[in-house]
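The structure under discussion appears below in the form of structure tokens.
Order of writing sets the chain letters: A, B and C. Residues in each chain are counted from 1.
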Amino acid sequence: MNYNWDWASVGDSLPLLWEGFKTTLLATVLGTLVAAVLGLIVAMAGRAPSRLVTVPVRAVTEFVRSTPLLVQLAGAYAVFNTVEPLTIGITVLGIHYASYLSEVYRAGIDAVPKGQWEACRALSMSPRRTWQAVILPQAVRNVLPALGNYAISMFKETPFLAVITVSEMVAEAREYGATHFVYAETFTLAGLIFLAASYPTSLLMRKLEKRLGH
Amino acid sequence: MATDPLQKTGPEPSVADTAAPGHLVVFDQVVKRYGDHVVLDHLGFTVDRGQHVTLIGPSGSGKTTILRLLMTLEQVSDGVIMVDGQSLTHMPGPNGSLRPANEKHQREIRKKIGMVFQQFNLFPNMNVLQNITEAPVNVLGLDRAEAEERARDLLQLVGLEEKATAHPTQLSGGQQQRVAIARALAMRPEILLLDEVTSALDPELVHGVLDVLRDIAHTTDITLLCVTHEMNFARDISDRVMMFDKGKVIESGTPEKIFGDPDHERTREFLGAVL
Amino acid sequence: MGDFFTYFFDHLPDVWSGLGTTLAATVLGSAVALALAFVFGFMARSGSVLVRGVSRVVVEFFRGTSLYVQLFWLYYAFPLLFGYELTPLFCGVVAFGMNYGAYGSEVVRGALNAVPKAQWEAAVALNMTPAQRMRRVILPQAWVQMIPSFTNLLIQLLKCTPLLWLISAADLTTVVQQMRDRTGETTWAYLTLLVMYFVLAYVLTLLMNALERHAKARLGQHTGVRGLLRSRSAQPAEAAGTSAGGSL
């Protein structure tokens, strides 16, 4: 290997990558938020008394979960071509991960002991109050570590947004690499930034998981 | 005999000194520690060929640890264990020195020992016959037909000849334990270690397993070393009973002596509590 | 809609060829991943700190740097650095294999650790060698635990193969996108594409369910036929890799 590593371009591209990284973070945070809320709604809808609700809900989540995020992004971008790309990206990321998270919520809700439901019934609590005061606080606690892991996973999938012209970090790396022909430097840098951001976070999540006794 | 005479009392036990003829198993100054917790405290005893020895004593007194050390499931912290004149714990190093035995050395000696566990530990990925023939074929190098014949004989001995192709999960606990006994015997061990083999069984299944073991004790010349809470069984099959407490043998003698007229106050208390 | 499907069925050979590329990347990528999962999974249980450390670093590296970046690095940066160009499919197979191999190694390690210690003890009591214990006793039991997690990783890997489109390998996504460009039927093109991936994922799941059932039967755990049709709720590798047998 007699490649001439171009340190100057590493320095030059850094501000651009940083701009892209901010978009990456924004998409991850907002996407996780959408997924967390939507996932909960889907999980609760999956427990509805009528099969007219539960069966379609389950079918749709199964479909979303089993199909590629990249194709979903490209499709949504092509169909809703008047909407701002970043909005589409965050929405699709959120929906895709909501389909995963609904499953995690479901497991979290199932993990709340049956006695808790029965106790609420015995105290004549309304269904709304039962969910709000008793079930959800316990379920969410079960779900927290998983939520963190999914956020990390989403973070590493945000480069997919480049496909729909969102200027996140890897898109910036690619563009700078193309104009200056320094792909090796910019992609290596982008990879290292991902590692530097995701590794400590995943260590933190493992610690959290241990503390919550999972 | 109140306690077993140790062959040697010096600070550094050597292989030659402890290898007295006749003793099949020798524990010499054996120490087992877990961190600061001492489970076996300079323990010494011997077992002769063909003897049936039962270890009794309160839970946590280190009885099971003795069997596990002998099976090399755990390693001594200090001291020497000899089996049939060979050290299980040490092997010759350079210039006549001794060093801790490695896996290969232990495997050579372990050939003579078999073990039956409290929780049976049958292999769930094999049926009954495969459980019994696995080691004879792959460890002893028997050909399959011979191993299967041996297995079927043993299944007959434990009264399960019709269960050869059954899966362990299809058997009751008592049946699983009988298969485990057959599996251990298929290796033709000289010493059989029985670790609370009936403790995990429903009461109505206990006697079936004990009957099989009684049969083995009375009809073979195998050396038995067992840990049990079944005092009647201990009385029935043992030549010698050793009372354990706090990592030491506090009393040892014939079952008549130990169960009838023990010397030690602690033994009386223990037997009073369990009988 | 008529236009798209007319075009689609007129150009079936293109679809088959795209499907072939997608399947090749999935199958070869999984094969590499499986091999690496076992290599790094076993290394993670080694007695040597050095071997364990190497495994840890490699696994964290491939988990931590995004798959997307790895793929682009192989395709764009590798030729510049080493003066050797890799075909897009090869890049895909290597990147998918290494990334999912890293996640898979956690599955292997977890499943090996999950086999009860008593099984190891029983194997010692029968005087088996360390290799015999692993091959005859521990691995067959651990394997059953690995399958659900491997199924999940396989589906995730399949779902990543459209990345090949970005490095101009003519996979299924590429082919159908071209049809969309020709016909202008955006909605139908993407729906068709999604349905095709869904069917692929379901077929792979069914195959893995059959494998799991077979492996379980060998452990005497008989599962009903309905279990064969169950879809495995796919989860991101990040979440599945953290616990052994992490099926929900």
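Criterion: contacts are C-beta pairs under 8 Å (C-beta built on N, C-alpha and C of every residue); 3 or more make two chains touch, one makes a residue touch a chain.
All figures in this text were calculated on a predicted structure; none of them were measured in a lab.
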{"item": "Per-chain Cα centre nearest the global Cα centre, belonging to chain", "value": "C"}
{"item": "Which of A-C and B-C has more C-beta pairs touching across its chains", "value": "A-C"}
{"item": "Of all other chains, the one whose Cα centre sits farthest from chain B", "value": "A"}
{"item": "Computed distance of Cα centres, chain B from chain A, in Å", "value": "56"}
{"item": "Euclidean distance of C-alpha centroids - chain A vs chain C, Å", "value": "20"}
{"item": "Geometric centre distance via CA averages, chain C-chain B, whole Å", "value": "46"}
{"item": "Complex contact set, residues of chain C against chain B", "value": "118-119, 121-130, 132, 136-137, 140-141, 218-221"}
{"item": "Residue ranges of chain A touching chain C (in the complex, touch as defined)", "value": "1, 3, 62-63, 65-72, 74-75, 78-79, 97, 100, 103-104, 106-107, 146, 149-150, 152-154, 156-157, 159-160, 163, 170, 174, 177, 181, 183-184, 187-188, 190-192, 194-195, 198-199, 202, 206, 209, 214"}
{"item": "Partner chain C, residues of chain B touching it in the complex", "value": "71-73, 103, 107, 110-111, 113-115, 117, 119, 121-125, 134-135, 138-139, 167-170, 183-184, 187"}
{"item": "Contacting residues of chain C [partner chain A, same complex]", "value": "60-61, 63-70, 72-73, 76-77, 80-83, 155, 158-163, 165-166, 173, 177, 180, 186-187, 190-191, 193-194, 197-198, 201-202, 231, 233-239, 242-243, 248"}
